[in-house]
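Common to both upcoming complexes is chain A, partnered first by chain B, then by chain C.
This part shows the complex of A and B:
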């Protein structure tokens, strides 16, 4: 095991190369530029390729194209680049091309604040392209170490499900430094619970099975599959003749290969949720770090507060919100995004509250003040921000 | 030892605040600590600040935020004012050349004449942060191992090793005597 004090960007690169990534195409953007930088140095050392594209749309198209050619590939960006991925993202979903996409969220909208964390792409990551008729897989780390491990997991899931997987990080993960442990031996990888999938290619002749099956190897061009890779809905034979019947079967597959295999994807962390807590704090990504410290300290003071941290964000883990209680959803945005999913998933009679902050983490002090207000049934929102959207 | 040690360094851009934090962080990893380090770069030319937040622990670190610094290396009056209020019982190390302090504060404040010493004894202000690093190491009273810190520093800073070593020793003596 190698130990470093390094950025999340470095950790993600290490994870990708361990997972077998051999092509990275990207366009530099704070706070994900160091991934491109590290990939440009490290990929050629393992026989891989680095491509600096002219923009994000081209970058992801290149990565998807290389994945169609048989390589494990990746691209990385931040919010303003993620929206430019929309077209190739849809292509990869529709043609079932495995690829890993990293989005380090910063403050938006548009360029916002480059060097500060946000969580504005919670829904954007669920709907990264137009058209509907699909499910997406999104994983959200809360540390550099977890960013490395989830990058590996993202490659694993993308191969098994034949679909793009987004790792939704934020600026504090990618730019911040932490001690990280990078495994070197198979035993160390196994001890860390890492899962790996080799790239295979589909032997055909059919383009895809119109079922919810997974572990069907992707079509790799040039391997005598006879199939084409088009942005139109393919038939089972791989022809893009645009029939409603083929689209119906294809959509079933896009949606249910993920919904029906959710147990393979779902990951979460819970703390103190088994004794009927008065409040359950809900947070993903880096804010969950200070929320966790606040919850632990609140417990030391005798307050019955628990915590839920979804790690896989999509498909959303509804089943974690089965208790009727007060939920406090903490996010790095002011509009409230994940809180709407919690509202939908929680049983009737639950109280759903929101604490939003953007550009910096909620502090432990702020969390304790918020817990106290909730326990005393006082309103949380500052004056002028009282209209709830959820 | 406390279960969590919080170190803050803040000042203007170019004073070596982030580099200082990186050296402390790597040295702490070498000592077996778990470490988190957040660095923020404001738009310094428009009045912003640069800040490094380090948390050291023998256990896994949840919150990476410094909310009650045990050690605060202050390189500017703006930084002192912006974050000094978070100090409870920690140690403030400040450079009197660039920081105007409030002597009435209840915590311990150590003047580290880093910039002036760097210019007078080593000929260049570039050694300011190395002097502060030495002072911080001394102020931790053995928590951060001196020899390990020196070795780490010399690994991370690629040039002027003799000068940096001397600067580190000068700083170390400022907080230990």
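This part shows the complex of A and C:
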């Protein structure tokens, strides 16, 4: 095991290279630039390629293009670059090409605050391209160590599901310095629960079966299989066609290969949820760390408060929200995004509350004040807000 | 299907779904003929396409490996693919004028800068014809289209003083040429040179659209009218007249004069890898 005191950006590159990433396409953007820099140093040492593109749209296209030629590839950005991924993200979904995308969320919309954490791309990560008719896989770490491990998991899932997987981090994870353990031996990898999948290639001649099957390898160009790799609605052979019947089969595959195999994807952390808690705090990413401390301290004071941290955000883990109680959803945005999914997933009669902050983490004191208000049935009034929207 | 088509193209897609009288087939056939003359086999080529008339009608026609990119983005896909695919295969792209000179132009410039091996055949039907016939970046002055109903008032990129091929030459392209689709054998010879350049080649070829361009510009869908209209306005370089819009021939041939992008990158990576293996450090 190698130990480092390093940034999440560094940890992500270590994870990617361990997972077999051999091409990274970058475009500088705060706070993900250091991933590109570390890749440009480390990839050539293992025979991999760092390429830099004219914009994020081209960067992800280069990464997906190289993936369609058989390499494991990755790209990384922040919000303003993530929206420029819309074209190539859709291309990868439609062609069913594996690739890993990292988004280090900052404060938006648009340029916003570059060097501070946000969580404004919760829904954007679910709908990274237009057109619908697809499911997406999104994993959200809350530490540098977990960012490394989930990058490896993202490569694993992208291969098995033939689809892009997004690691949705934030500025604190990617810029923050933390203790990182990088496994070296197979035993160490196994002890950490890491999963790996090799790239194989689809031998054709048909495109992909019109079923929810996973573990069907992706089309790879340059293997002389007569591959037809396109974002047009395909026939079962891969020819472009404009019929509703063909598109229904294509959509079924893109949606249900993920929905019907959700158990392979779902990850979460729960704390004190088994004794019918009065409040369950819900948070993902870095705010979950101060929320967790607040929940533990509240328990020490005798308050019945629990916590749910979704790690796989999409498909959204509805099944975690089976208890009828008060939910407090804590996010790094003011508009409230994940709270809408919790409201949808929670049983009728549950109370759904929202605590939003942006650019900095909620404090333990703020969490305790909020728990007290909810326990006393007092309304939450975010500072300067007319009322709580939920 | 003729002998050429049987070997290189897919029966499912030939004849294509292009409109009756469309000149795209002339561009397509010239390219396949050039590949045949050079004795390429189906397995030697990966054929990429964009969207619009030129991309859609040529997608999955090649009897080997095919891909179709999103609007204007087939060039960065090709740049990534070029690194991953076997060195001894070639990338051929058939794209339209809107794709290459409009939405994808920034990517074309950077493909030229890096001298990435790709032979880009820009099949130019003088505007956006698959969407009904709007003006584009090569539509001649004064021409009526669906979005220039009072006549095309903007300058275009085939004017002698602002030719898109000049921009691409300055951007680093190593082979550049212009033709009209009825150039036949001359177009085939140019394409053979383009494909043999181990770098970025672009051949701009104007072809007639009978359905939308001709209907708007000439008031007629008669294929003979638009074929003659284009032919009369084309002349080989050095033989231009006052009426010439498209000067045809090879504009710039610096074939194999600069390192190819993916091969230069692979060489650098292999040098770095060797150095660090020798030093045994990470």
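Methods note: the second predicted complex is superposed on the first by the 383 of 390 C-alpha atoms of A that agree within 3 Å, B and C clash if a C-alpha of one lies under 4 Å from a C-alpha of the other, contacts with A are read in each partner's own complex, and residues count from 1 in each chain.
Just so we're on the same page, contacts are C-beta pairs under 8 Å (C-beta built on N, C-alpha and C of every residue); 3 or more make two chains touch, one makes a residue touch a chain.
As the structure is a prediction and not an experimental result, all values here were calculated from the model.
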Contacts of A:361 with chain B and chain C, given as first, second, both or neither: first
Touched partner set for A:80, first chain B, second chain C, both or neither: neither
Which superposed partner A:315 touches (first chain B, second chain C, both, neither): neither
First, second, both or neither for A:210, with chain B first and chain C second: neither
Chain B versus chain C as contact partner of A:48, first or second or both or neither: second
Dominant contact partner of chain A by residue count, chain C or chain B: C
Partner chain(s) touched by A:68 [first = chain B, second = chain C, both, neither]: second
Touched partner set for A:289, first chain B, second chain C, both or neither: first
Residues of chain A at both interfaces, chain B in one complex, chain C in the other: none
Partner chain A, residues of chain B touching it in the complex: 22, 25-26, 28-29, 33-41, 61-65, 67
List of chain A residues in touch with chain B within their complex: 3-5, 115-116, 172, 175-179, 286, 289-290, 292-294, 296, 361, 363-365
List of chain A residues in touch with chain C within their complex: 23, 25, 43-49, 51, 53-55, 57-59, 61-71, 73, 87-88, 90-91, 95, 221-232, 238-240
Chain A contact footprint on chain C (complex, rising order): 12-13, 43, 46, 56, 59-60, 63-71, 73, 75-86, 89, 106-107, 109-110, 265-266, 268-270, 272-273, 276, 282
